[in-house]
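One structure follows; several queries about it will come next.
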Amino acid sequence: MPGRLMVFAGSGSPLLTARICGVLGIEPAAGEVLTFSDGNTFVRVLENVRGADTYVVQSIVHRTNDYLVELLFWVDALKRASAGSVTAVIPYFGYGKGDKKDEPRVSIRARVCADALEAAGCDRVVTMDLHAPQIQGFFRIPVDNLYGHPTLCARIRELTPEGCVVVAPDTGFADEARMYADYLGTTVAIGDKQRTSHDESAEIMDIIGDVRGRDAVIVDDFVVSGGTLAEAAKLLLRKGARRVFAAVTHGVLAMAARDRIDRSPITRLLVTDTVEGHPAPLPAKLEVVTVAPCFGEAIGRINRQDSVSAMFPGQAAHR
Amino acid sequence: MPGRLMVFAGSGSPLLTARICGVLGIEPAAGEVLTFSDGNTFVRVLENVRGADTYVVQSIVHRTNDYLVELLFWVDALKRASAGSVTAVIPYFGYGKGDKKDEPRVSIRARVCADALEAAGCDRVVTMDLHAPQIQGFFRIPVDNLYGHPTLCARIRELTPEGCVVVAPDTGFADEARMYADYLGTTVAIGDKQRTSHDESAEIMDIIGDVRGRDAVIVDDFVVSGGTLAEAAKLLLRKGARRVFAAVTHGVLAMAARDRIDRSPITRLLVTDTVEGHPAPLPAKLEVVTVAPCFGEAIGRINRQDSVSAMFPGQAAHR
Amino acid sequence: MPGRLMVFAGSGSPLLTARICGVLGIEPAAGEVLTFSDGNTFVRVLENVRGADTYVVQSIVHRTNDYLVELLFWVDALKRASAGSVTAVIPYFGYGKGDKKDEPRVSIRARVCADALEAAGCDRVVTMDLHAPQIQGFFRIPVDNLYGHPTLCARIRELTPEGCVVVAPDTGFADEARMYADYLGTTVAIGDKQRTSHDESAEIMDIIGDVRGRDAVIVDDFVVSGGTLAEAAKLLLRKGARRVFAAVTHGVLAMAARDRIDRSPITRLLVTDTVEGHPAPLPAKLEVVTVAPCFGEAIGRINRQDSVSAMFPGQAAHR
Amino acid sequence: MPGRLMVFAGSGSPLLTARICGVLGIEPAAGEVLTFSDGNTFVRVLENVRGADTYVVQSIVHRTNDYLVELLFWVDALKRASAGSVTAVIPYFGYGKGDKKDEPRVSIRARVCADALEAAGCDRVVTMDLHAPQIQGFFRIPVDNLYGHPTLCARIRELTPEGCVVVAPDTGFADEARMYADYLGTTVAIGDKQRTSHDESAEIMDIIGDVRGRDAVIVDDFVVSGGTLAEAAKLLLRKGARRVFAAVTHGVLAMAARDRIDRSPITRLLVTDTVEGHPAPLPAKLEVVTVAPCFGEAIGRINRQDSVSAMFPGQAAHR
Amino acid sequence: MPGRLMVFAGSGSPLLTARICGVLGIEPAAGEVLTFSDGNTFVRVLENVRGADTYVVQSIVHRTNDYLVELLFWVDALKRASAGSVTAVIPYFGYGKGDKKDEPRVSIRARVCADALEAAGCDRVVTMDLHAPQIQGFFRIPVDNLYGHPTLCARIRELTPEGCVVVAPDTGFADEARMYADYLGTTVAIGDKQRTSHDESAEIMDIIGDVRGRDAVIVDDFVVSGGTLAEAAKLLLRKGARRVFAAVTHGVLAMAARDRIDRSPITRLLVTDTVEGHPAPLPAKLEVVTVAPCFGEAIGRINRQDSVSAMFPGQAAHR
Amino acid sequence: MPGRLMVFAGSGSPLLTARICGVLGIEPAAGEVLTFSDGNTFVRVLENVRGADTYVVQSIVHRTNDYLVELLFWVDALKRASAGSVTAVIPYFGYGKGDKKDEPRVSIRARVCADALEAAGCDRVVTMDLHAPQIQGFFRIPVDNLYGHPTLCARIRELTPEGCVVVAPDTGFADEARMYADYLGTTVAIGDKQRTSHDESAEIMDIIGDVRGRDAVIVDDFVVSGGTLAEAAKLLLRKGARRVFAAVTHGVLAMAARDRIDRSPITRLLVTDTVEGHPAPLPAKLEVVTVAPCFGEAIGRINRQDSVSAMFPGQAAHR
């Protein structure tokens, strides 16, 4: 049996950690993180952890590298302090986007992170809606990839009491959109997005599927600037949608996002609290739903050695 | 500088190896593979390889496990014989399909293969059209993932002199289809494929994009039974396509494929020679184009330390 | 303490697994193995295994590479599903014969297997009568090498109530033959086998030791074709032996074995059930004794953290 | 022989890289680093590097974690692009201060960095005046630790033409101060520094050694706030020193440093250019001497396989 | 929870092991070490250790290499016998002195030892007063570095009832001397030691700090020949010290030590029993205090998963 | 191509190293080994080795652990000094006898040595007549196992001009004895050795094969006390042998050997110079033949990347 359960808050996820601990009915374990004037990060665990089943909650985004390196130091500090096991809980793993060599001579950054975490002594990773499911294979240690859609769908049902159509902004998210649609018992429409030049931007050309007279819910795994959502919303309204919502697991929401979202025809943007501590002001239309119950239950199950996949019945067929 | 170039033929790719050596203007290096009556595989290198830059060409499919294990033995034998470097050339890496935990408690088989190859001492992998580009990240060693579409497109141009529309059988292959279309200077149509039940089969519901009066070329990375191709071909004809071709990198072509392809309205099925030694009779409509020039050039460039990505200008933007 | 005990049946050992579970008084744990039409193997664990003390029983022979790769996938699937520990129970480890570089530029195949198993995450190996005891040293993880002779000797005593002489077919098995003889309280004779040419076959020239008027029991670790046994049996009868039996741990028994054994003067060939699912018909003279009690007791002891070596008092002095 | 020499500029050391390349008579190799709006770092190598002997120059300080992670991505990108060897040139390794568990349950951060660099594929490290020489032992790969004092002493000689006394600010730097003194042919005085409470600050109580009427040069490996230097300078003047200089390898120089240094009685503060791109304005009394010739010669010697220790004759006896 | 506690005596520490076991109220576990006539060492564990929490106590000094290699064999034997965990208790780790490349082309011997121990399967190290605290960072596994000064100070208090001044023989031990002084509530004096030539010897030039009329206690981490202690004692008396004691954790005490110590003006030399089995006769002035209670408590705490750092409150601020 | 060839003499093999260098026409490279009064070993390389192809010659016997640990330090020092490759030349690898768990809870000592050498950074091993060929599989790095019998047979031919019979002292050396016999074009006799009790000694009961009137040459891989040889010699004379010689690769020759050999009826005992620096006086009947030409040629071939197995044509069939 694993040892007693201890959950530490990384600098990137203090609020979510507090909520998770609330769900688990425990206090966050005592530790501290300092940043010195030369830019160095310093982590100190303030309680005995020998033999304990320890978790560090740390999203890796915005101050991406600070949070990544801090997480490595948490893991090393806990291992050298003889923790029984160390689990990195990474609600949003921002370097998941670096999952392939999509051009010559670049790094596969997610693999670099995986290797560094394993080298530091990490025993397990818990995360949510990885950018690509293959990233689990970058790790040798077990990875529990939780799903955000059940949490978001519960709120979508309240917002669209007459039902909705789920919209994938591009073909790459079609499978995940079907997962939402199945969960909601509805259908899917898909944006036909094409890159128009060599820069990052891409344009949504068309929506495949009927949205007329229905509430449309655009779904995605993360939102940075909100540009794609705003563009898709306009197109959906032109195509006859009644109202447009968006439901996105990871609300990265960088600088320009507030204006783009608030000026868009989107009625409301749902995100979870995997990302917090945004450096930029947030859109007024934003609504945050917490995934603390989901992470709390997963951590409790891991500690009790119950099945985590049993939390998500029926999801296997989709990926 | 790497040592002298030596290319060994694994049991899974003797013909392609011979063709590659022809391109390189060398003889295949001397080695042999035995299978004993107890089922054991045995590999013997028959030439001095000290310091040499060695390559073993071995597709992993059909006798998948035999070829995988044999490849491990090749690598180990070469390393213990003090080869300077050992490159596994895997034209078709069949376990690429095992790239994620798409249901609970399964193995990420491609990662297992990657770890076993690295444990055996492999220094580099050269392959073609990996099932998912993330698989490069399963390896710590460099992986050169070559593209099959330039080879196939050269023949497509001859077969469809008046131009064609490229068809992705489902949204998951849309990006790759655009790579074909860009290469051919044409447009893309996409099949809307949906799984209808919990079994493996899926049905193509619709074709998005205009195919009327045009030759259609369905593209994919591998074909096993040909069922998807046959179904798509019928639908394309119903949608007004003139003729239907298919161009697929890896012609796995298991038992039922001959009948399905030959009875389908497909005019011709193009595949490359990454797969050979099929256990089943092949369709009459099949046409094989060789990728030996592509692999030969890549091996030559690696040995001379020239850029491999320079073989595929302009592909970076697509993946 | 280890977690709850779960025993999975690999495709190579379903019957032995069922018998072992019978000994342990448990049901085999739920899992399945599929082979797809492209030759790929797929393993799925169907029960929660978090924290469990898991065992996969899989002999590696006949479909040697299929069973080896399948075992790697079992181990990886169990580790990624957070099993507490994973033990590979390999009743017959066929690649044990690949234990040295007995000629230039060959692979040490047993080490390749060991490295691949460890890379996949295997925590321990349980096996029987390894071809060479040094193979334990190919692994960094603990290896429990069980002995088959107590099981076989129990039946030998019944078959030769007036006692017997134990016969090693060649000098290389002399030590093991003495282990049998000590266990039975009798003496040893040794075949003087010499390779007569560069091929695999070897001829038994003479028998050293007196066999006149006694029942002779030829012992060996494995039998493939039965040629050596048949030849030794003839020579023993010429030397005056009363009857000739053979007792061999691993009954590989390939194609030609039935004829060779049944036409030989051997009265009965005893083997254990470490090998099952033979592709070839079995000799009529064959008698199988089960080692399930031995493996069951070892697994139970490992799970309870009792000594395994205590199962074999007095064997230390022989190897 | 190593391949052709290529030197890449990390974001933390563009100026020093340019100077090093000037010394070597080559252009910096082409690469780029992007920071996305979600905080992610992205590295791209823009030239073929197959078989090349590559160096990335990157000090790790100020934006410590950004530069560390960026360096990992450089190394991974170069290894995956088949560079012959990858050397991390880290002029100032800021996490060298995290070299021990000086209190319970902290991370040994320098070891975490070492493991991450090795996991990413780094082949060698070149650095200068490591905070503790033991840090070389945190790496399995070779580490060339260059000395900064010959560069600084050349300028000290010019500034103190009548000779000087070398001052170590505390006993922990006494050995290094003797290295300076031997190089300059002079004597040493040592500050008796004692921590006065549990916070970070410490007070210099006394100066051991005679400084009356002489120019004093305080030496140290790094300066962050300048507080210790300012305090030591006052004490030295009280003890009768003529003028006070300071010579410090790594001029970290955080926020408060400008005021502290400029208001102190220090005549001039010498630092090298291992640190650049300071976020804060620099003291007017600062003078920077370049170590580019030292790094350039070391890189050239490594590439030509000449001895690096031969650059520092007679230093062995001091450490 | 760890398994049952078992403590084995290595050949280098039989007496200390017996004392530790006395403290713990257990018998030493059964094992034996043989040295064959060809010089080979052989280790045999004589009890079942499956799942047990095992400790081997072995100082590495005098027969340094014999004890190091023997320790590797203990670790390997225990791991292969399925011990739950293996802790190397190394009261004196003699190769700690090999902690850096203090001259070109030497080995970092402490890292070599660390890697060999980890490769053999060691899970943890417990040691005392490491020569440099950075050595913890040579290990990836947790290292508990115990302090010897509380044990020595208890006896110092008895020997110097009117108080004493603590003397560091050189600046390199100044921090540790302050640790003694804080513990005793007194002050520190520091020897100014300078190497006078290129050989190993160094001369103490002066004592910084007032020792007049007081008992002086020279402290150090190890004593080999006693030369430095004798020299410092003479100087202290010349400087007006009343009596001179020495307190050193590790009493290596090689050949010449007896004469040097006994002829010196040192009143008494205190050492602990981390070193035993000296090949040379010991000084008459020597007094040994046992650290068995310290090691016994640490082992008990590790086995019960209590904090070890809690044994040394307030030490964090010193290192 | 490997770099320039440098051969270092370990403390265990200075004479053999000098002879090997003579064969190669080079001077031994400059290095030194010190033993301090605390028992520590210290290794220093005294020449630049960057990029060089380095070899350390060190037999591991008599002062077994000293030589093993010294070898680890050589390897580490050379790797950290950036040697291009490091080969451990171990003429006699004494821990080869620790190749299996021949009783419960012992270490597989040869694997521990292999892991420690690889952890230290060793790239290759060259050795002679390993105690078991499986030991090559304990290493992941290439191992060149040279044969001693051609060197010994050249002298045997001179000593027995009328031919001889080769005698294996027990069945375990029968295969190797046939290798001698084939090389000499003669026949083999085998001793039937049985352990008579639980101690180490064993008694030769009988000789199988005709030795009457012929010179007999007992062959073995190592001789420690000479007891077996003396006993076998007596028996051979009783069986009618004309004269008895012995030819053994590794002359360990511990304390009692001189008397046993000189008092035995053996005419002459041939050994090679893989072992030197014996602590005991050597037998008068001893004759040493050098294997320096064999090792020299092997090293030269490795450096030139020629085949080493080509030195031993026809040996493959025997093992």
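Each chain carries a letter (A, B, C, D, E and F) given by its place in the written order, and its residues are counted from 1.
Keep in mind that, in the parts below, contacts are C-beta pairs under 8 Å (C-beta built on N, C-alpha and C of every residue); 3 or more make two chains touch, one makes a residue touch a chain.
Just so it is clear, the model here is predicted, and its values are computed rather than measured.
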Other chains in touch with both chain A and chain B: C, D
Chain labels contacting chain E and also chain F: C, D
Chain separated most widely from chain D, comparing mean CA positions: C
Per Cα centroids, the chain farthest from chain E: B
A-D or B-D, whichever has more C-beta pairs in contact: A-D
Chain A-chain E separation of Cα centroids, rounded to whole Å: 50
For chain B paired with chain C, centre-to-centre distance based on mean C-alpha positions, whole Å: 39
Geometric centre distance via CA averages, chain E-chain D, whole Å: 33
Numbers and ranges of chain D residues touching at least 2 other chains: 1, 80-81, 101, 103-105, 108, 111, 115, 136, 140, 143, 307
Interchain pairs in contact, sorted by label: A-B, A-C, A-D, A-E, B-C, B-D, B-F, C-E, C-F, D-E, D-F, E-F
List of chain A residues in touch with chain B within their complex: 99-105, 108, 110-111, 115, 132-138, 140, 143, 145, 171-172, 174-175, 178, 190, 192, 194-195, 198, 208, 307, 309, 316-317, 319
Residues of chain C defined as touching chain B within the complex: 36-46, 49, 61-66, 68-70, 72-74, 76-78, 80-81, 94-95, 97-98, 101, 103-109, 111-112, 115-116, 118-120, 224-225, 252, 254-256
Partner chain C, residues of chain A touching it in the complex: 1-2, 124, 136, 140, 142-143, 301-302, 305-308, 310
Partner chain C, residues of chain E touching it in the complex: 1, 3, 48, 50-52, 79-82, 84, 121
